[in-house]
Each structure stands twice: as structure tokens, then as C-alpha cells.
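These are the structures in question, set out in turn.
Presented sequentially are two complexes of subunit A, the first with subunit B as partner and the second with subunit C.
== the complex of A and B ==
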């Protein structure tokens, strides 16, 4: 517990900063309503993000982390994927909405998530590879089951950042934009809740760091 | 060392802005302007080259500062590690966006130290692993037995530290590059008096649908910058 104290102090400082956010608006601004309509697409995207990289890593194994093709897909930023999709979006399909947002988010995040998971898997050579493919898959399954909750907790803030960028490109009010809109409107309570959510995610992801050390 | 080529683009930060000539804006490509001119009359090719070189130079500056800071953090005691872990919990951009929104945009002299500060905790963890391995090695013990003081030992090991840091340079550079580019594309970077690569991408990439040459050139520049360091280091 004492080891976590400086980290907790950082979160308390961030909470205090959110609560005492400086500056006043010259006009009265009501905090933006929480984008409830974004919860559906966000849950779908989260489900896909939570399912696809582990599946990919389960079938491809830890060697996936060393694939150059994956690195090549990982290198361009979220912004480039979103702008590319915006440019190639067929005009007949109307303005890009949540479907395009989900596609851009997946394109931007899947390669890095798959690499993250693949590099966190234990090596399979010489064992369990020598015991056969079934043993290797069983080992992968167990490792992935152990990694999954902490991987989700560690990576959610990153997805929120990617979501914010994609939302801004497509002009959609989503969870990422909500964070920014609350800063602009100086919504102290809403911001404090966001910081609290980040702090809880950090606490949930802590055991992973201990294992890595 | 070949992965450090973006450092050569540092002087690009000192280059002046291109002159505006709105009466010649939107001109098609010809022999003088290979990609035509933008809405404000600037040569599109020159603008693209200047903006991407500046973005690369700026990212080099931030990455170098972040790596130096990360080494200092890695060599410091264990007391602040949990604080660094808390700072690592969210990507740099997630902290920078509200900060930039609060201050109405961040100019490069302010943005550079902020990016370095926010990237350093992410780079500290791998450097700490290397520093701890060195501390446990006989080579480190020998220098202590020979009577070298703390600063002398640090100076003696500085080339090794630089070599180890250079292996992390590509990921630090890409992190700094896309942070600045995304921030300026969202309109939260430097003011309108400074042209940025992010703003150029926001203007040009959506034109891909119309087949504009400048849009394809912008896409090529993104991929060249993204893959220019022969891809990020694959995980061991």
C-alpha cells in the first residue's frame, strides 16, 4: 500500500486540479449532457476491441509481436486512419456516423493492441511448443485469460484518446468529446468523475506492473 | 545510429514561414508549382516539405528531451515509481487536449517541454530495466571498486546510456510526432501564424476522394514519416 501512495497522490492532485479548474467563462455555460446515444456504439466498439485482438493473438501466437507488417499498420496515427476513412467514405452512404467511427477506431487500435498482447505472452519455444500445438494453444489460452482484465484496464484510456480524435474528425459527440467539452465548460463535477474513473482504471491495472517488475 | 536521422531536421525549426499570396491561391499544378498552390497562394509542395520537416524536427527535440528526462528518472530512487506509473496510466494526448483547450492552443515553446514531461514516464520503465541490469553487473562493480565517484561513473557510462536511449528513440519520436500533429490537427496546437503538418493534413487528406495530387502527397508524407525509422522496434 505504501508503494502506491505517490501514485495515489498524483490522482488526488489531478482531482483537486479538476475541482479547482482555473478561469471563468464570460457567459453562463451549462455542462454538456452526457452523450448517452454514444454508449451503444462505444459498448459495441469496446466489445469488438476486447474480443478481436485476443482472438488474433490466440491463433497467431507470441511471434505476432515481431511481424513487421503489424508494425507498419501500427505506425500511422489515429488521425490518419480517420481522415483516410473520411476521404474514402462513399457519398451515397450519407455522412460517416458511428459505423465509420467504429471502423476507424478498430483500424487505428487493433494492430497496437494485438502487438501489446502478443508481446505480453510468455515465449513458447522450446516448451510448450515441443509438446505439440494443443499444449501451446492451452498455454496461450490460460495466459490470455489472465491478461485480459488487466489489459482492458491499462488500455481503456488509450482507446478513449483514439476515440476523441476520431470523434473530432467525424464531428460526432462521443465519450472522448465529453471529456473535452467538460474542460471547456469548466464542469468541475463531471471532470472529477472522469479523473476518478481513470484513477480506478489505474488501480485495476496496478497488479500487471508488479508482475512485469 | 541510422535511426537518429530525424535529428538532422532540427534546424528546420528555424526556417521562416512561407509568404502568403492570396491572389494566386488555388492555382493548379504547373512547371513552377508541381502540386499547385494552396488557398493562401503558398506553393503546396514547398509547404508540405516545410511542414513535415518542421514536425519531424520538433518531434526530435521532444524525443531527445524526453529520453534525457527518462534517464534521470530511471536513475533516481524507487520512491516516485508509483507516481510515474500513475502518469503513465493515460496517454500524453489525453492530458494535453484539455490543457490546450483551457489555454486556447499551445505554442511550440510551451508544447515541447510538456510533451517531453508527459512522454518521459512512458520511457522510464524500459530504461530502468536496463539501468538495474547494469547496476547488478560486475562491470559496474569494478568501476566502484576502482574508486570512481558517482558523477565520474555516470560520465564513464554516458556513451552506453546514449546507445541504450537511442534504441528507444524511434518510439519516443513517433509518440512526440503524432502528439503534436494530432493536437494541431484538432486546432489546439500553435496559432494560425504558424503553419503545421497537422493543419495541412486536416486540409489535404479529405481531398483524397477528389483525387487531388496534394492529398496523395500528404498521405505519402504521413507514411514516410511513420515508416521512416524502419518501423518501431518489435518487442523481444
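== the complex of A and C ==
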């Protein structure tokens, strides 16, 4: 419990900030309703983001972090991916929907997340590489199992809110837009609920981080 | 064989029919749920203008025209109106005086009611029976007629239901406004379909790919509409205004009035901006007037705060700072988050603050500058000489307006820098009526649009 205190203090401070955020709008508008229709696509995108980078890193190993091809994919910001997809989208097909949003978000996020995980893996040379491929994969599997909960708790909320850019380009109000709209409208209660949800995610991930005795 | 020929003929006739064309549009921000009492913001007002009817509308030329009220009569202390007999809410119920009284009472008594509507309502009280409505308050009848368009009438007890020419349905991030053919304005388009497109680049691509029938292009100079679209430029009643905080004397206003004349290069302003002239919007009938001459010099260093995130405003203010430097004045620009900016501005804590304001299409909307507690009077501006003309503003052409403006010119608390224009790209086949209120808020608004054959 004492190890969790500093983290809990940070979340309480964030909650207080959300509740006491100063400022107001000139002509205060009511915040839009929570975008329930975005929950499905967001869950799918986050599920893919949670599954694909660990799989990629499991097969490619820590050397993935030094691949130039990954750097090339990582360089464009999410705005560039979204605009590229929008420009290539056939006019006759009508405006792109959640499928395009998921594709742009994954294109923007997967390379960075794969690098994040690959860099966090312990080196495999000379050991366990010297003991053979099976030993190396076992080491990766164990390391990834230790990393995953921490990674999910730290990175996924970030992507959830960073998806705002892609949502704005495609005109699909999702979770990122909801978060930002509540900051702009100074919806203290809505913001506090968001912080609470993130804090719960962090708390839920903590037992999974414990070292086996 | 005969049957087959008839069927083929029917199929050919159906195929030759013009497809039903809906107007594809985009909101720049989420309008929120339709609410005729609490709803606030430009997008919400557009939705209300489509789904609701005010007692009196404003024509594209800015004149009061019948809407829910078929006729009216100015009486001592207000207006007596007679409602149309054929106005129906979305559920089929007839519009009556009870609905008018309920709407006005809800705006006045609900602490979360729209501040814009509350300001338009003032101390107005509605009563009546059947189709006869009495409006009583301290404002003149001429002013009331110009302000009633702000308040569409909701069904008593149902703040989300209006009697307008379109009915609204929301599905996720899409809004569909379907024409009500029996409405007294007789809408001539089947409806409008709105998407939410807040991003300028995304909106531009949607316009270029033909996914929108009309939309606001990014404010970059040099952009041209695609061949199927035409550009429509509407004068608006929006201005970029500089407010001077406490401690700022008339010398600052005089300096800004001088700089605004030649600070902004036309290539930078594009079609969406023009340098403002005078103190109050000329479009409201005010004579061009500069701050009165005086002995106060302009300080050599000034700080101008503005809302962060608007790249165009930032570039224009940078041009202003360059112009100020030519007079030896250092104009430091400081961006601030919108919520914090408004908080500081309304508390009178900013030395100088620049923000856009949209005036209503009647001269009384400038009273917010001069009345104690006015919605634009952030620094508590007052002048004993203003009391007399304020009592005599019963008509737009009253000479008291000039008198009041002369008092304001002695030590103005705010000065407009730029007049804003609305630039729209519109499908060439769509016929709309531009106005200073925009294409939606005037009467008949979207109900008067039609597709050219």
C-alpha cells in the first residue's frame, strides 16, 4: 500500500485540478452528450493496439527498436496519417467512417508502441541468445508479461485522448474529442469522471505488476 | 405484353426523376442536445432556427417579419401579438400563448438558461390565451420586435420540441433535419444532413471531394472553390475587438484607431477580414466616429492578450504589433487559453484583450458596452453624460444614439480592429439567401432554399 501512495497522490491531485480548473466560457454551452457510439470502435482500436505491438515485439525481439524501417513509419504524426488517408479515400465512397479512423490511429500508434516495448526489453546477447532461440523467446515472453500491464496503464489513456486529432480530421466525435470538449466547456464533473476512470485503470493494473515470490 | 410495357414505362419514369437532393452540411462544433431554453452557441442556434419558430423573425434585410405571430400591435409597455392558427409542434399540437409564456418564463427562471436568450429577454413577461399573446416589459416595442427572433418557442414542458420547418434526429455524430411539408414556411428542400467537421483541413477535403453541399473553407488567402461550387461572401456583425483594462486611458484607443487603418496587409486578411472603422458597427447604422482627440500619450510598451489556438488572429495581431513598432510602441502579444482569457477579461484583469464578438442585428446590441453590468462592459465603463441619451433610445433612428456614441468616444473601453465576413463555398445548384445573420438565422432561412433545376 505504501508503494502505491505517491501514485495515488498524483491521481488525487489530478482529480482536484479537474474539479477546480479555473476559467469559464463567455457564453457557456452545455457539453455534448458522451459519445457512446465511439465506444465500440475505440475498444476495437485499443484492443488491437494492446495486442499487435506485443506480438510484433515477441517475434522480432529487442533489435526491432533499432530498425530504420520502423523509424520511417514512426516519423509522420497522426495528423499526417489521417490527412493522407482522407486524400486517398475515393470521393465516390462518401466520407470515411470509423474504419478509416481505426486504420489512421493504428498507423500512427503501432510503430511508436512497438519501439517503446522493444526498447524496454532486456538485451538478449550474449544470453539468453547463446542458449538458443527457445530460451530467447521464453525470456521475451516473461519480460513482455511483466511489461504489459504497466505499458497498457501508461500508454493507452494517452492514445485514447491523442486520437482527438484523427477524430477532428474525419469528423467523428470520439473519446478524445469528448475529453477536450469537457476541458474547453469547463465541465468539472465530466472531467473528474475521466480522471477517475484513468485512475481506476492504473489501480487495476497494479496487482499485475507484482513480482512473483 | 401490355403489362410489361406499362411496367417498363413506370420504371423509365422513375429513373428519369431527379434524385431527391439533401443538403450536406457540417457543424464546426457539436451543437449539443436541442434545447430551446438552455441551448447556447452558434451551432445550437442553427439547429433551433431549423426546428423552431420565433414569434417574429428577421428578414434577410434585417426587418421584422411575421413568423409564429401573424400580426402585432405596439401598445403601452410592450406588444400585443396574434399567433398563426396553422402553426404546429413536431407532435402535432397547436402553438398557443401558453407555450410562449412557458418558454419565456423558463428562460427567465432557469439558472442554466442560455445567457444570450436571457439578455435578449430582459424583463419581458409573456401572458395571454389561445392565439393572443401580450408581451410587457421596459423595452420599447421597436427594440422588442428586433430581439424576439432570438427566442424560438418551445412546447410547454418540452424544451426540446419546436414548431419549425424541419424536424431533427441525431444519430451519433450526424444530425438529420427533415422538412415538414405542412409547415407554414413551406420548405423547398427535402432536408439537411449535418456532420461534425471541426478540423479545417478535413473540411477542405470534404468540400473538394463533393461530400458537402456547402461549408466554411479554411481562412487561407488564395484558396479557390472547386468547379461545382461558388464562393459566397456575407457581411456579418462580427468584429475583432480590443478591450482596454483598468488604467488604460483614451491615448491607447487613439493609437489603436490609427494603427488599424494600415496595419493589416490585404493579402493577409484575404476575403474574410476588413479593417474596422468607427467605434460601433457601421452595419447597425452607426456613423463612423474615432476616439475623441485628447492630450493623453500612448505608453511605449503595451501587452495585448488574445485567445490561443486561432492562427489567423495571431498573424493579424502580429501585423498590428509591427505597425505599432513603427510608432515606437512595443506591443507584446500574449496568447491565453480561451476559458482563462474570458475569466480574466470579464473580471477586468487584462491590460488589453482581443476577442471576437458577434453583435445582434439591432443598434441596442451595443448597449452591452455602456450599460452598467452590460455583457460587454467588462471594466465598469460609466459616464454621467450617458444617462440622458440612454433614456431616449426608443427607435433605431433616434438622435440619442449619436449623442451616446459621442460620450463613448471620449474614453472608449473597447475598439474594433477588424470586421469579419463569412466566406462560404456553396454548390452552384443550391439557391440560398445571404444576410448579415448568416444563411440560417434569418426568416425564412433554410426553408427558403431551393435546388435549381
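Keep in mind that, in the parts below, the second predicted complex is superposed on the first by the 170 of 213 C-alpha atoms of A that agree within 3 Å, B and C clash if a C-alpha of one lies under 4 Å from a C-alpha of the other, contacts with A are read in each partner's own complex, and residues count from 1 in each chain.
What we mean here is this: a residue touches a chain if its C-beta (ideal position, glycine included) is under 8 Å from a C-beta of that chain, and two chains touch if they have at least 3 such contacts.
What you are looking at is a predicted structure, and each value in this text was computed from that prediction instead of being measured.
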item	value
Subunit B versus subunit C as contact partner of A:65, first or second or both or neither	first
More subunit A residues in contact [subunit B versus subunit C]	B
Partner chain(s) touched by A:95 [first = subunit B, second = subunit C, both, neither]	second
First (subunit B), second (subunit C), both or neither touched by A:119	first
Touching partner for A:32 - first (subunit B), second (subunit C), both, neither	second
Contacts of A:198 with subunit B and subunit C, given as first, second, both or neither	first
Which superposed partner A:57 touches (first subunit B, second subunit C, both, neither)	neither
Which of subunit B and subunit C A:45 touches, first, second, both or neither	neither
Touching partner for A:170 - first (subunit B), second (subunit C), both, neither	second
Subunit A positions touched by subunit B in one structure and by subunit C in the second	21-23, 79, 83, 86-87, 89, 91, 165, 168, 184
Subunit A residues within the subunit C interface of the complex	21-33, 35, 37-38, 79, 82-83, 86-87, 89, 91, 94-95, 165, 168-173, 177, 181, 184, 186
Subunit A-facing residues of subunit B, complex	79-83, 85-87, 89-91, 93-94, 97-98, 101-102, 125, 174, 178, 181-182, 185-186, 198, 201-202, 205-209, 215, 219, 222-223, 226-227, 231-232, 234-236
Footprint of subunit A on subunit C - complex, ascending	26, 30-33, 35, 38-41, 44, 112, 114-116, 172-173, 195-199, 201-202, 205-206, 209-211, 337-343, 346, 355
Of all residues in subunit A, those that touch subunit B in their complex	3-11, 21-23, 65-68, 71-72, 74-80, 83-84, 86-89, 91, 115, 118-119, 154, 157-158, 160-161, 164-165, 168, 179-180, 183-184, 191, 198-199, 201-202, 205-206, 209, 212
